[in-house]
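My structure is below; once you've seen it, I'll send some questions.
Letters A, B, C and D mark the chains as written, and numbering starts fresh at 1 in each.
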């Protein structure tokens, strides 16, 4: 595990043989939607980390957990889950400049290509009020038709897609890959669990996978309960203050 | 269509043989003046796209239209319209830093030179109140005299020219090209249709082209009607609010 | 003493033979804690400067003292103080961008490695109210256990570590080094003398060194006296103003 | 006159043979002090331009004067004025980033060295209230003593020197040159004519040159007259407004 770290570097920790793998990206972004989906899949499918990406284009702080310090990084995982192996990309952050975004995206796709990836799925969120819809974007229209044949319905994105999710999607075809982007409608709260579940459902259909959704349903339930309690506390506090004010005036 | 995309890249989609071509730039800038002019000429002259420019110096989002996603880019078109072929450069954006501006401008001019371009015309807007004048700037004074001999009158720019329009203009002579910049006076509204028409008139004279201006006249008419209606609505709304206020007071 | 100075450069002013040296970093950061500690050790141990680091990633001003001007720089010192020689790194500033931080950190560690360093200790501050605790972070857990065996108690950092102190710590293992980070709790005042003393005590235990702390105790005393006087003046001023106000009203 | 313009480039327009030249820098900075001095000397000594420096680290606009457009640039002039030839460096701007400052400064000094320069004098302003003092900074103390022997008195700078004036001064010794920096005290008004005259007087003594100061005296006089008139107008306007207010109230 040595490197220069003056440019973006991917350090592979384990050699893997992959059968026509699909790469699924879920880096931090709007509402953390993509991040939640990919983290969930990694746990459900018991995916294993095999490579890490480091870059001087990441922000300049490091993380420490119980005294163990490490650089910000992105991580590649793999899982054997169907006819095609799955690669997952998740991580701590995105690059901070346009140059960094292009540089890191290019490094990711070169690495994926060396491992035989010809299909990329990038995941993220888009701003909305209902947390209901899933939007899709594609490198070419035939992908959309394939989705329709398989009974998958997505709205078609007409908006700019910001950050690494968009850059990866659009650079893919320069590297000879096809790519699909799935965006869950979110109010921007982090963590956006419901939007993540919506994306999970579309994604598992697309991959022909049975994903157990009970765990994310529990998380949504817990989150809603917690939210309810916090709102109750806030209301009581407000009432108390108004009463104080009244008694102070009178 | 493959590339590294770690630096600025021009990907040529069609091989073309050009007869002493002139390059006309109309990228997004003040009031979108240059952009409107070049888009108009591309449509009128049925110019054909033959190359695209991609750069990590562009902003880091991508566009999606009806689900079809693509990187921000600049585009080269060509048209056979007179003695000299015409090349057009238009696109989605400008680079975001000084280094990016110089880098992309240099790539554009190297590409143009390889295609035999020895005259560059850059188009843009300048801030004013009348939307009447067209200002010119030049790499050398003989160009100005040539314009005068052909009965073309422009004011002479005495102000800095910001962004890619200025950088291209001034780098041209380092690449052995002559260059003219035409700037339409604009109040900065986008789209600045009248300033664009003013520039179109000077430009077509300069190129010895008959350009049909009826289409842009229609657009101006529609725009003025729309503006009139919006102003009418705003006035009525204002009147209504004042009346409400009066009745509330009385 | 010549160089290109278009990239980060370390200029070695004296050749030194070092016995399994430890590198201790104390560059300017929160509360100047690390800086104070390393400057104190350099003076106490009569360490000698033998190299300077210059970088275009530093801020673009220069220092002048009594008319003698010089670039911003970092400086390497060495001292022979126990079984292992000590290297110190201190300086005027930190790089201003993520790229600069990674670039300079990498240059520092490559230089340290060429001199046989296999243990790095980085020093800094963390934000708190008590100025009592010292927090530690490590590249691997065995270091922590070694500390415990030697009776050294530190809290374990659970927070991000910002800037060169964190980047050096985390890049170290890519260069085949182990690293420890010690952070003194500071209210952010510069100079943070008490937090520096707390770190000094842990550090000298860790290095098996007897460091004379009387000098820093004197500095703390002087600083507290000065602070007391300034507060007294501020109080009197406040009282005077209130009295003026009263006499003005009455 | 061709170039790539993807990096900093110096384009030499005339070959010159120079006798042990001194380089004097006067780029735009605080109060434009250095710029005024060097422009004045160029005119007085009828110095001739022989090279221009272009850089992607300059801001991204271009200048146009009466329609003639050109890139931002720095310019080298030479004059034969005493035992040693004089080189002058002036220009439109400074680089916008630390990297740009180091890059351009290094290019300037490499160019100067190729022309035999071993002494650099950088000029600028420093913030003060009196517009009386001239401050000096040096790469080494022997220069200061040389000044004293020649009866030249300057205050010794104890403050940071910001921008290209400072960076050039401090990088000089890495290129094997000695350097002196002269800073005129300025209230920061541009143009700072009196501070420029103060620096001119010290500089001409230092160079053993007779510089005719009548022209700058005239400029100072005209500037003071103009300032007096503007202040008179401002006062009258203020009086008028107060009278209006009174008549409005009464």
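Just so we're on the same page, a contact is a pair of C-beta atoms (placed from the backbone, for glycine too) under 8 Å apart; a residue touches a chain by one contact, two chains touch by 3 or more.
The model shown is predicted, which means the values in this text are computed figures rather than measured ones.
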* Structure fact -> Chain centres computed over CA atoms; the one at greatest distance from chain A is chain D
* To do: Please work out the Cα centroid separation of chain C and chain D, and write it as a whole number of Å.
  => 38
* Structure fact -> CA centroids of chain B and chain C: separation to the nearest Å works out as 54
* **Chains touching one another, given as label pairs in label order** => A-B, A-C, B-D, C-D
* To do: Provide the residue numbers of chain B that touch chain D in the complex, in ascending order.
  => 97-99, 101-103, 105-106, 136-141, 144, 154, 156-163, 166-167, 169-171, 173-176, 179, 181
* So in the complex, which bits of chain A are touching chain C? -> 1-6, 54, 56-71, 96
